[in-house]
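Next come the structures, one after another.
Two complexes, one shared chain (chain A), two partners (chain B, chain C).
Let's look at the complex of A and B:
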């Protein structure tokens, strides 16, 4: 069971993320904090790194699952909410809400932004009477993503300096200053959405064989696509609401998860993607806050440094295979 | 299980490919759709399988318009294998074939004895019983195509449509595929409609031929009545002589 390997890696990463950082602590201190609820260990778990790590695990998981869903529905390894601009749309909505003093629950704002971006991508790629090739969706999505990022940057200039710095950090994708509310929020929403995604596995496994075969197997392809896309957008939004539009986690997690667990079944691959997403985000955050002494970089910096070369490698492989 | 079209007109990009076609697919027989490239063979097959909307006319399965029938219920009576399907990476033969049970299973219903039986029987029919656990991409081209056929056989429909099931195969594997479809047809009464390219093989393995040309339907009927020099001229612009196949006695086309 290589699924166990992923679990062990996750536990190891969680432990490392709790122990290490600008100030590292010995395991005994963490243990004491865990068992007695007293001392510096308890402080770290309760207030500083605990909620941060838990939020990171949840946000990484929902982003990873979202990426795997889109990759399966569109049958293209480049399809992911971060590449296709949905996470940028969600990020823009949140920045806009802050800039214009509009108060609403962040996941709702993020979901609305992600959905608008997704509808724009679908609408702009649509030609009447023709099936939309996945690559068109991806390229149009890239454009929408850049547009959203540009608007976000513009809105930041409207904010007072201190808030703008905070917003900039958040837009890069950051787990700084997360509390238990954030953790509870992403885990609560995440669990509901994971169940929703797993309930669609049978339909998805038919869709994975191609539109025509799926239709022949009795699947209402159009309707099912919308439901799956909505699930994917909501998953991504749940992650963005607490961690910002962290780049490339969604793109990388599907293939990485499958590499780790070797899962063949669709449900196994989706869960592996969620696990890999959690792993990537927590480790990226750990690396980012430990990399430069005295400076806590946002996690998105690390995922960007890891993800961009991965994207280039993927693109070159697609070109070799004649997919581009 | 009767399938027929009524005044069926098909087209795409404002180009009409088939107009006012009335066609009856004989039950329990093997039908092949033939014709030159671009004449609308695949378009016709897709229309029969409710994958595209006709411009006019209807496709009737047991007297009901396929576009007015619940798609899942339809999938229990009619299966379609599209041309050159692409499998998810790393999928095993068994996993692929099991997906053929989709129309028979709800979102939560467990894997039943009937599902297992249908898959086992389908795998056996295509001769892949031993290779169930193997990844599809490790199989040869012929075996892979047989695995796809097992998928639609596992759907256990009385009617099976196939779009160019032999196109990328060498002659031996073409015969293998057509032979297994024919066996299934004779043993279980499965109605088979396929788009084929090879006229002589189509004549050998079919009870009815549908010959299309650039201007629409040229001829329908038994192979000996359809594959005659005049029809070949009309459909393909081909000058040919037709002689009886020395082995089977079915018509054999020899281009001049």
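Let's look at the complex of A and C:
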């Protein structure tokens, strides 16, 4: 049961994230705070680290699951919502909402932005009478991502200085100053979407065997693809809405989760990816806020520094295998 | 020949627009006056000499340099999506500049600008090595993704530096999108010389690069030494991109848009293409800069953002045409 290993790692990471930081506290203080609900431990957990860690776990899990879904549907380890511009689209939508004073729930705004980006990627890659190769989707997605970032930068220049600093921190992907509402939001949405994703495991595993076989089993391949893609986009948007477009969590989580648990079944791999995503984001956040004394860096800085070399390594692996 | 005259005319028009359009619209008379009888008390004359003319020069240098760099990168990698901005070479130069200015302070702008070159060189070498750019036979996805990864890595590091130093957001804005507005504080003349050197180098190596694009065996048969040509091209890319970044900051997508246009106008001769790309690059950058001054006056949209907004759709059109994975791309 190597799945247990992932659970243990997650528990350890959660504990470390609660105890360590700019100000570390001994375990006894945490224990006292948890059991009696009083003292400095309870204060730190209740107001600062508790919601932050819980939000990080939830956001990492939905991002990781989203990445694994796209990687499975498109059968390419490079296909992830952060590579294909969906998270940039969600981020752009939120910056636009801030800049134009448009008040709507953030998950809704992020989902709309991610969905528009995804539709653009799909629409622009589509050519009548041709199958769309996954690599075209990735390439067009990169372009959409570039454009969304350019627009985000453009909108940022419209904001007054203080808001621009905040928007900048946000665009990097950060878990700073999260409250219980954020945690509840991502966990509530996440649970619904995880169930939605797991409900599609059967058709997805048929799809994995090959399109013709799946069609032979009476599965409407196109419809299933769209439902899965929609689930993936919503999952990514749920994560972006509370944590910002943290780079590369979705890309790394699928392979990392499988490395840890060694899961073979599709459901197992998806759940491993979710667990690995939570692990990566919480640890990245811990490293970011502990790295420099007196200053909390946003988590996106660490995932970017970790994820970019991973992407490069992955590229050379794919190259050797002739996948590119 | 008429085509060349038309492009030269366009460049002249763009330069004229860059000089006259802006927050303070200026007539041509004022220019002639300022040039013939300069009056330091006259605000129009001061605007012209201290702001508009340096800005024009910066646009000419950076635009031409990036046009040349784009053509070089696209022909060496045989990848229509290669661009100094997208492949992270701009970011490498800007990163080195930023690290230099944080560590050393703003002591000497011209000496600091020299840092752009090792930065650009390292980034170019890294992205070509990791993205397999020099093999020429790799699909466009890998090189573009390698560039995106390099950009993301440098962006994360820059974010960390900016937040640690608690400096203003201006440094960050400089890093994300270049602009011509700081031209007067930048060593434009020195960088023009360096970019010119890069251009000459590009022209010298052009026949070798053309031979390389015929394929390994054939080009060796023609007596080309691939290693030397590629190294020469890499040096030329470094010089031109580094100079452009030192003058204007990172400007993306210019090197992507200009080469296909240059090829359309000048034909498939690399030397003609390089010269044409230099002219077109300067034209497009000056127009983007002027447009950025107009669209949201009195505030300004940075030229680097304007080129990204213009070039993003171009990227999408090219990416759509390529069918990577579905045979030769």
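Here, the second predicted complex is superposed on the first by the 324 of 324 C-alpha atoms of A that agree within 3 Å, B and C clash if a C-alpha of one lies under 4 Å from a C-alpha of the other, contacts with A are read in each partner's own complex, and residues count from 1 in each chain.
Criterion: contacts are C-beta pairs under 8 Å (C-beta built on N, C-alpha and C of every residue); 3 or more make two chains touch, one makes a residue touch a chain.
Treat the numbers as computed from the prediction; the structure is a model and nothing was measured.
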{"item": "Combined model on chain A: chain C and chain B, fit or clash", "value": "fit"}
{"item": "Touched partner set for A:140, first chain B, second chain C, both or neither", "value": "second"}
{"item": "Touching partner for A:293 - first (chain B), second (chain C), both, neither", "value": "neither"}
{"item": "Chain B versus chain C as contact partner of A:312, first or second or both or neither", "value": "second"}
{"item": "Which superposed partner A:123 touches (first chain B, second chain C, both, neither)", "value": "neither"}
{"item": "First, second, both or neither for A:215, with chain B first and chain C second", "value": "first"}
{"item": "Which of chain B and chain C A:199 touches, first, second, both or neither", "value": "first"}
{"item": "Touched chain A residues, chain B compared with chain C", "value": "C"}
{"item": "Partner chain in contact with A:165 - chain B first, chain C second, else both or neither", "value": "second"}
{"item": "Minimum distance between Cα atoms of chain B and chain C in the superposition (Å)", "value": "15"}
{"item": "Chain B and chain C footprints on chain A, overlapping residues", "value": "none"}
{"item": "For the chain A and chain B complex, residues of the former touching the latter", "value": "72, 75, 129, 199-200, 202-203, 205-206, 208-210, 212-213, 215-220, 258, 264-266"}
{"item": "Residue ranges of chain A in contact with chain C within the complex", "value": "78, 83, 124-125, 127, 130-131, 133-136, 138-140, 142-147, 149-151, 153-154, 157-158, 161, 164-165, 168-169, 172, 247-248, 292, 295, 297-298, 300-305, 307-309, 311-312, 315-316, 318-319, 324"}
{"item": "Residue ranges of chain B touching chain A (in the complex, touch as defined)", "value": "12-13, 46, 49-51, 71-76, 78-82, 85-88, 90-92, 95-96, 99-100, 102-103, 105, 107, 151-152, 155"}
{"item": "Complex contact set, residues of chain C against chain A", "value": "81, 86, 130-132, 138-142, 144-146, 148-150, 152-153, 155-157, 159-160, 163-164, 166, 169, 172-173, 176-177, 252-253, 296, 299, 301-302, 305, 308-309, 312-313, 315-316, 319-320, 322-326"}
